[in-house]
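What follows is chain A paired twice: with chain B in the first complex and chain C in the second.
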Partner chain A sequence: MGVKAALARLAAGAPARCFAVVGAEADEIAPWLRLDPELVIVDSPRAADVLLVLGQLDDEMVRAAAGVHDALPPPRGVVSWSPGGERPVSWPFTDDVRVDDPAQIPAACRRLRDELLSGRRASSPDILPDIDPAPWRGVGPFGQGGAGMTGGVPYGRPLAARADDRDGLKLDQILVRVGPYLPPFPSGLVLDVKIQGDVIQEVSIPTPAAVAPDLISAGAHSAGAHSLTGERALFNAAVTQPVPVADIEVARARHHLVWLAEALRVSGLEAYGRRVLKLARTVRPEAAEPVDDLSRWLRRNVSLRWGTSGVGMVSASRAAALPGGPVARAAGDGRDARSLDPAYERLGFTPVVLEDGDALARWRVRVDEAQQALALAQRAGESLTTPIGLVEGPCGPIGGERSTSAALVTMLPELLVGMEWGDAVTTVVSLDIDMAEAALPHDAAVASRAS
Partner chain B sequence: MNALRVVIAVVSVGAVSVAGIYLAAWVDLLVGRAVAGLEVRPLDALSAPLRWGAATALKTRTTTERPDAETWALAPALLAALAAVGLAAVPLAPGLLAADVANGIVLFGAAMALVVVAVFLQGWSPNSPLPMIGGYRFIAEGLSYEIPLAVVLIAAALPARSLAIAPIVTSQEHLWNIVRQPLGLPLYLMAGLGLAFWGPLALPEGQDLAGGSSLETSGVSRILWRTAQLLVLVAVAAMGAAVFLGGWLGPLFPGAAWMIVKTIILLVPLIATRHFVARVPTERYVVVSWAILIPLSLLDVFIAGIQALVAAR
Partner chain C sequence: MHGIAAALAIFFVTLVGFLILRASERHIAPSKSTAPARVPFTGGRAPDTHAWNRYHVRYYPMTLLFLAFDMEMVFMYPWAVVFVDEGLIALIEMFMFIVILLFGILYTWRERALEWA
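And then the complex of A and B:
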């Protein structure tokens, strides 16, 4: 007991380690938590003290979050924040610490961790029953749950199958479901992947987008009310009403920098990612030099070029099938809704277009666009956008028939097949898929914007 | 007298291990904060590894569905033991080494070659897909690190005409191997980074695998794994200091002090790579290793051989 108490006292000075599950309306809160000294966002629930449940989750995502919760090693606890304080009926975290103000999340995590480690608060018990996901014991000739040597489903999962590999050998192939909370992927993305070694052989999407449309459309009405930047609300508003060009462009630069911070983190440069995130928080048009420095650093960084060059090629024909956005512009397709706006024409706007179509080109397009956005914001003064029913959002046009993110999710299976796991992750990250946008059906999108 | 010497050597290796691990964790934190543009606060950061260790030690060691429990428990111990064996072969000062064997360089190379077993077990044992991919990756990469490491160490042993470390150190009395064999140290450090799966070569544990081979590890096992990993880096830096930077040789100060300073000189940049160089793609690194690094290491040993022949005349 004495040793435990001493360890708990010592541990009290460390930041709380949190695994974050991020639902609708929390995508503008979650990234900034990485800047808070009171907590550390970890990649694995096994390394976490606290499960941080942010935003609105539908039943499927709540079930997945319960599974993540049970993977946290005790003593563990849950801190939750939801816009408007609403929780779904199926909410399984009965002893969670509920936070109303997002600014209080870090302190709540730290306090909860200290209480858990010192024994002042009981660890949160398992939520899911410890049973096999499907009956299989005793089924089949070998009791393996199915027919044949490799036909069983022990523990409710298929055994490894045999399949040809790229060298013509027959090797084990396993089916893995990844998501909806795998850290390098956008929250909500679920993929069924068949892998052989670390080569992806088949990809399918069990649900096109795991974030429920009803939650999204409900959230879209109040988007911005609880967020730090209100980026989504700003771009949505610009579809139907004039908004300051400077505001839109600073929001674009900030979005691209937040994306870059995460992309750097996934590439292994976590500390530099944090530096970029700090820059994103304070970015201003009149102080654009740090972004120029960042652009120069990125161009010089051989290791980043090596990891992204030639990876995740989006051909010109694939780019043409997209509604637009930075992914298409990185593949030579110059469509940009800003070209249609007279306000941008007056500012001398021309879209940033690169030809290569790989992950490196997408990195460069976004960084160049961040620089360009700050320059436009500085030149724009008080000028307003012209509401033409279409706005160039940071991931693609908003207000069209279909979102770029939805098109990118649909494109994933054919894009990822044949890649090594690392390249597949680099590709997914470089596409900057917004799952909330991907899940937004056209009708709901129009309705939410009209409001 | 000999027994006392061995006891002193073992205690010294233990002390160097603990100090090296702590220093590595501290430097990593400081460099990370500096790169992130945060206030560095070296004194505050001194307690951070201890606090992390205390918080982690209080967590339960969780398990997964049908893991290979024995090998999972063994993996961190094996990694730590291999790193300790590697470090034991490095003399801190003349005669001050735990494993005074006639072929210390072979012992070190053998210990580092077996690191692949520990990392694979760590990835494979939890019966979980992403850790397993991590384990596979290390198997795929293993030879790309082991061959250059072994070859440049052999090259460093040639001028001494001995496989024991002490003669290799004394053979650098007039000229360190870093000057005599300029290809050796960079190739050795690259291989060492790979064997410690650190920084740009943290392939089995990359963020793309959400932690990879140690994704499922919690509690005391996590502490053991992390410290064992840092100990591999310390062993690599210490051996590099002995074999390429003249070991204990140096004016004014005692040999052990020189050895420690030179080890730190190599350890700090090794640790810092994590914050400056992005993780390299697995397959492309293997290609570069076999097409460029291994041929360069062979060139290194070829040049060392010619130098040894010329010196023998």
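And then the complex of A and C:
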């Protein structure tokens, strides 16, 4: 008892380790949790004490969240937040701690973890049944033998199928069901990936959109009322009404910096990522020097160039098929909805365009655009945008026929085939896919903006 | 004799310490894994197949690479003995030898032997 109590006291001093399941409406909250000293966002449920369920989930995402929940080692608990406090009918978490205000999330996680450790609260029970999908038993008297190792179904699952490798040998090809909650992939992205060794041989998207459109559009209606950081609401508003250029450009710079913080973290530069995230929180047009320093540092960094140069090439023809956005501009396609706006013309705006089309070019385009956005915001003063029905959002044009994120998700299978796993992760991160935008059908988007 | 006794004592003390730790682990954190918790985590969906899979390690070029550096070490021992006497000449000779071996790495790289697929 003494040892256990002493260990529990020691553990109580540490931040709560949380695995975040991020649904619709929560993608503007989740990145900032990394700056909170009360909790640590971990990349695997095995390393977590608390499952954080943020935003709105559809049935499929709730099912996957139940799988994540059961992978947390006990004692474990669930903290959930949803805009408007609504939970789907199929909500599987019976004893979750419900938070109404996103600002309360870190404290709630810490409190829950302390209660779990001290035994004042019982561990969250299993949701899925504890049975293997098939009995693990071969034909022999001790369960051995049969087709393949251990009867061919170790732990109740058959062994991988086989396919040709690059030398014409037949080797195992394993199907990995990626997503919807595999960091650092965007939450909600679902891919079926067939890999051999660590080379991707086939990629398919099991469902066109992982998030139900009705949930998204319902959320988009109420986004303003729940006082999120409001980035998406701001860009959506600019489609139909004039908004200050300075506001929209600072929001763009902030979005790119938040993206960069995550990209740096994925590249193994976690501490630098945190610094960039802190910078994103406080970024102002009149204090743009840190962003200039960042851009200079990024240009000089050899290891980042090594890891991103030539990776995830988006050819000029593929870029032309995209509706626009930084990914297309990094591949030499100069389309930018801001070029059509007279307000930007008066500010002397020219789009940032690079020719290479690889992940490095996308990194550079975003950092250059963040720099440019701050410069524009400073010059803009009180000037307002002109509502022309099309706004250049941080991931691509908003208000067009199709969202850039949806086009990028459709492009993923052909882009990722033949890559090693590490390059695939670098590529997906460099595309900055906004899953809420990808799931948003055109008419729902227009409807939500009109309201 | 004292040496053996001391060694045995250290062995048994370590063994008992290990067993105590191993046994107390269960009391500190009683847990058992369930079937859904045992599968590799890939984002919340259950896998169809087991994670055991065979891939091509490419032993042949890897062996050549190993031999190249093994030979380097074999040569380095006598070289280290005469290095002080021979001086700069020995250093230059070793440098040339290592540069030649580096071509072996470049060859392996070109053959994509360092890729696990």
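Assume the second predicted complex is superposed on the first by the 420 of 451 C-alpha atoms of A that agree within 3 Å, B and C clash if a C-alpha of one lies under 4 Å from a C-alpha of the other, contacts with A are read in each partner's own complex, and residues count from 1 in each chain.
The rule is simple: contacts are C-beta pairs under 8 Å (C-beta built on N, C-alpha and C of every residue); 3 or more make two chains touch, one makes a residue touch a chain.
Everything numeric in this text was worked out from a predicted model, so none of it was measured.
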**Request:** Please tell me, clash or fit, for chain B and chain C sharing chain A in the overlay.
**Result:** clash
**Request:** Applying the touch criterion given at the start, work out whether A:64 contacts chain B, chain C, both or neither, answering first, second, both or neither.
**Result:** second
**Asked** After lining up the shared chain so the two structures overlap, which partner does A:184 touch, if you call chain B first and chain C second: first, second, both or neither?
**Response** first
**Request:** State whether A:161 touches chain B only (first), chain C only (second), both chains, or neither.
**Result:** second
**Message:** Once chain A of both complexes is superposed, is A:272 in touch with chain B (first), chain C (second), both, or neither?
**Reply:** first
**Asked** In the superposed arrangement, does A:131 touch chain B (first), chain C (second), both or neither?
**Response** second
**Request:** Have a look at where A:321 lands relative to chain B and chain C in the superposition and call it first, second, both or neither.
**Result:** neither
**Message:** According to the stated criteria, A:169 is in contact with first (chain B), second (chain C), both, or neither; which is it?
**Reply:** second
**Request:** Could you tell me if A:423 is touching chain B, chain C, both of them or neither one (first, second, both, neither)?
**Result:** first
**Asked** Once the shared chain is lined up, is A:197 touching chain B (first), chain C (second), both, or neither of them?
**Response** both
**Complete:** Superposing both complexes on chain A puts chain B into chain C at one of 76-84, 94-102, 202-210 or 292-300, namely 292-300
**Request:** Could you pull out which residues of chain A sit against chain B in one structure and against chain C in the other?
**Result:** 4, 7, 44, 46, 71, 73-74, 155, 174, 176, 182, 197-198, 420
**Parts of chain A lying in touch with chain B, wherever the complex brings them together** = 4, 7-8, 10-11, 13-14, 17, 43-44, 46-47, 49, 71, 73-75, 113, 117, 155, 174, 176, 182-184, 195, 197-198, 264-272, 274-275, 278, 301, 303-304, 306-307, 311, 420-423, 425-426
**Prompt:** For the complex, which residues does chain A have touching chain C?
**Reply:** 3-4, 7, 21, 44-46, 63-68, 70-71, 73-74, 126, 128-133, 149, 153-161, 165-167, 169, 171-182, 185, 190, 196-199, 420
**Complete:** In their shared complex, chain A is touched by residues of chain B numbered 31-33, 35-38, 47-48, 50-52, 54-55, 57-62, 65-66, 129, 133, 136-137, 140, 199-200, 202-203, 206-211, 215-219, 222, 274-284
**Request:** Flag every residue of chain C that touches chain A in the complex, lowest number first.
**Result:** 24, 27-28, 31, 34-39, 41-56, 115-117
